[in-house]
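I'd like to ask you about the structure that follows.
Each chain gets a letter, A, B and C, in the order it is written, and its residues are counted from 1.
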Amino acid sequence: MPVDDIADALPLVDHHCHGLFPADLDDARLADSLSEAFAPAPPGTSHWDKPVALSVRRWCAPVLDLPPLCPPAEYAERRRALGAAEVNRRFLAATGIGTYIVDSGNRPEELCSVTEVGAIASAPAREIVRMESVAEGVARGGVSAAGYAQAFEAAVRSAVGDENVVGLKSILAYRATLRIDYGNPAPAEVEAAAGRWLAEIEQTGNVRLVDQTLERHLIWAGADIARERGFPIQFHIGMGDPDIELHRVDPSHLTPWVKEVESWGFPITLLHCYPFHREAGLMAENFPQVYCDVGFALNWVGPSYQRIMDEALELVPFTKQLFSTDAFGLAELYFLGAKRFRTALTRALGKWIDDDECSVTEAERIATLIGVENARRIYRL
Amino acid sequence: MPVDDIADALPLVDHHCHGLFPADLDDARLADSLSEAFAPAPPGTSHWDKPVALSVRRWCAPVLDLPPLCPPAEYAERRRALGAAEVNRRFLAATGIGTYIVDSGNRPEELCSVTEVGAIASAPAREIVRMESVAEGVARGGVSAAGYAQAFEAAVRSAVGDENVVGLKSILAYRATLRIDYGNPAPAEVEAAAGRWLAEIEQTGNVRLVDQTLERHLIWAGADIARERGFPIQFHIGMGDPDIELHRVDPSHLTPWVKEVESWGFPITLLHCYPFHREAGLMAENFPQVYCDVGFALNWVGPSYQRIMDEALELVPFTKQLFSTDAFGLAELYFLGAKRFRTALTRALGKWIDDDECSVTEAERIATLIGVENARRIYRL
Amino acid sequence: MPVDDIADALPLVDHHCHGLFPADLDDARLADSLSEAFAPAPPGTSHWDKPVALSVRRWCAPVLDLPPLCPPAEYAERRRALGAAEVNRRFLAATGIGTYIVDSGNRPEELCSVTEVGAIASAPAREIVRMESVAEGVARGGVSAAGYAQAFEAAVRSAVGDENVVGLKSILAYRATLRIDYGNPAPAEVEAAAGRWLAEIEQTGNVRLVDQTLERHLIWAGADIARERGFPIQFHIGMGDPDIELHRVDPSHLTPWVKEVESWGFPITLLHCYPFHREAGLMAENFPQVYCDVGFALNWVGPSYQRIMDEALELVPFTKQLFSTDAFGLAELYFLGAKRFRTALTRALGKWIDDDECSVTEAERIATLIGVENARRIYRL
């Protein structure tokens, strides 16, 4: 097998992605989907003026029968002419992803369901339950402060009762941030915090869980369930939208909690991690149950993807790294994420072979672990 | 146009530099100018033993008719033999910089004025008003605690009344650090803080603004003026002299303030950023009014400049990155900073072209944005 | 001299390593020695599945007459067949290290002594006194709270009375972390803290110094002795075992203390530093008495060593970087650490030469400073 095929044929497990946009997108919505900002680009500029968008024009345009680097307006028009269904089908067919593990809790009203992802891809699609969305659903559904903790736990247990579910997720980093005390709050504290939250919802209509006590309850309750089921909890780490303050989301802030639940045995997967992928790598080395990926970053840095993968390979054990696209909405991002991952891993390991650091056999084994086997093992696929 | 010319002819806008040393330098002063330390090099060593100084010997010596890598003593002697005026003229002529935007507030007694920079360079030189210097001038000039806030604001307004001024700057990172509460202090708080500061000046004679309350007032007052004028506020970020504690100057600490003033529309430019240029890149992606550069670092790392530029290009939108030399005093640093920027950007984009990620046309457009157009647009040149 | 020999023949000074395992290792113990975790690898995985272990199989196997990349079980068996003494002798003979500077205070019951390191290597071996181990020895030996401070200081003075000792070390980062107040505690505070510690030892039998006040006393007492003797204090920085929380061990947290003792003149050496080697580099630039290395990381990242060296060379003055292996127990790590350092430095400087940034003569001088002369100068060898 030639070295440049190391990762080409792997039936990748995308252990973290979201649903697809089922509908056509007008020009503005397409451009906004290429941005993490909550705002349009400044006057005289465009959200297409960035690395990931350059890469969409370069590598995704041909999938839509367009020339590489075609202008954004033509790209947007062709996308609508083909229709969302065909666009989604084409890109997912081109990913070579073998299994999709889909976070079902982020803006589900805009995205297709987990089942639909599987149907579009003609591949298995499994579900991750986003615990903050469950908590917000409980609050929205009507609950007393005294009943909140039990209702939340019951709702998570009910959600994971679906045998298609393979793990939990927390976006603690976006909400209370990772720079918190990690003690398991007492029931009275949770009740008091829930009371404050429910009163605020009553007043403002805004159902967004940010309270630190409730987030602490959420991750400890999630840990109980993950322990029972033996499946992973995913944590958002590092880069994200404007709600992130990076200095608060270094994964090493999680260390005290990771230690407390180490003996519980369930895997903890650190998502994205950039620019803290080196910190995540050390945690994966130090703690038996910690795993990590650099999805999202591989897509978002456009032509600069190779360095991110190279850095991710520095410290993390080969049995601890995972593949994800973190694709959200745009079918392009599943395709591009898989492409970047395959190319980056192949080139990184190819360089190890060229440098006489590694054999082709070992490189294939490492690529299979990172791209497929590690996720199969910990998500029990 | 050959790929290796992408950035060669750009009439760069150096959006952050300082004045030049107008006088000849003795050996010790020249060596000290190659160091961020406040102290001489340890016994048996020299400030010439470092990356930036190696690069000065390699690339600047020929501009003074010396052989590459000539010994420091010869370099220093030749510099004096030519005279500061000729040295300054030669290096600035060789930069190809089209416009200089000069911070006029840092050790002005040692440096030539903004006007003189323009005269030496035969190019437009515009001014940035350093707000901490204005505040210290107000304190030095005599003011009451009750009158401080108004006097400071009037002094900044007066300074920006000069139509050559194109922006404001804060060195908050050096003074109160970025790890602060960002609330706008009430007038009574400002008056109390000013009273303490003025009393301390009275006692010690030391006029250095470090008080957090006064710094908060400063940036909020600056924001008001920047909003009115529609021009940028620059912030020192990351690497600097021994007054910096790096863990306190990660730009993501600014996030709460950036969000509060987002709707005000004025640009915020993050200077230097190393080693937090990835953090700065995400902020430029997340917030429409945030811009950044890796000046200073490109000079100071000597032969290692390429990696810094490569990393800076990972995430930041093409419309959000800027060029600066951060040259201070030594004419060499304008020349070397421009040279490093042109080479690094050309090679980075050239690699994108070689990797079939980008066309020559796109690369030229990106280079023009980063080197020239972004600064012209936000500084309204 | 060909460029690719720049660092090959240097009689390196390994300014930070530990003793060797004098006894044979069973399979489990050998695997555990390739991990920073406190736990075995998760089921279905092995501590051999990581970068450093791949490099041991690739580069160390041939030293034991095994084929490159031979299976771990064969490697472990061959290691025992040769016997620890022969294994240790072979690897140390192959390092080309001229002088070993050995931290004698970490798990001495498992490792050979400083003298034995020298005997095995047929090279000088000098000692570093780990102050936390001295403090714990004092506590273990029986002391009153009132007598603790004086007893600790006397014990350190006694230890450094041995003329083979060339420096002190603190693992503050592992214990109170670097994110502390750095004031020198008053005697009464030290006495009170010692009282609490001794009572806890009495209760638990666990003699582990973690108290912040006692750590502050330790580094200030160490500073007094280092000043008198004119020798360095080493600080653990950055990556380590599960007791590390990375966000608490950025070296820039040490800045206030570094400033307070700057005039005392003794060197401060920042060990490992990854992933904060850029932060360490700026501190070495800013403060005359600060030095740093990227040992440990060069070993632990396996095939990815080059990037770490490249980044370490960005900012740190040539007179401020040091060589270390941070080898602990396994003879392989002295050999691999020296090999990685020589290759990385040669290639980094070779690239500077290829890029016309540096001459061969300068490169040799820089390599000699970093690999040999800087350590000789500050440790007064």
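The rule we apply is simple: contacts are C-beta pairs under 8 Å (C-beta built on N, C-alpha and C of every residue); 3 or more make two chains touch, one makes a residue touch a chain.
Because the structure is predicted, anything quoted here is derived from the model rather than measured.
At the interface between chain B and chain C, two copies of one sequence, fewer than half of the residue numbers in use appear on both sides, so the contact is built from largely different positions.
Taking only C-alpha atoms, you rotate chain A by 120 degrees to land it on chain C; that is to the nearest 5. Inter-chain spacing, taken between the CA centroids of chain B and chain C, is 37 Å.
Multi-chain contact residues, meaning those touching two or more other chains, do not occur anywhere in chain B.
Interface residues of chain C, counted against chain A in their complex, comprise 35-37, 39-42, 44-47, 49-51, 54-55, 58, 69, 239, 241-242, 244-248, 274-275, 300-304, 307-308. The residues of chain B lying in touch with chain A in their complex are 250, 252-253, 255-256, 259, 262, 278-279, 282, 285-289, 310-311, 313-319, 351-352, 355-359, 362, 369, 377.
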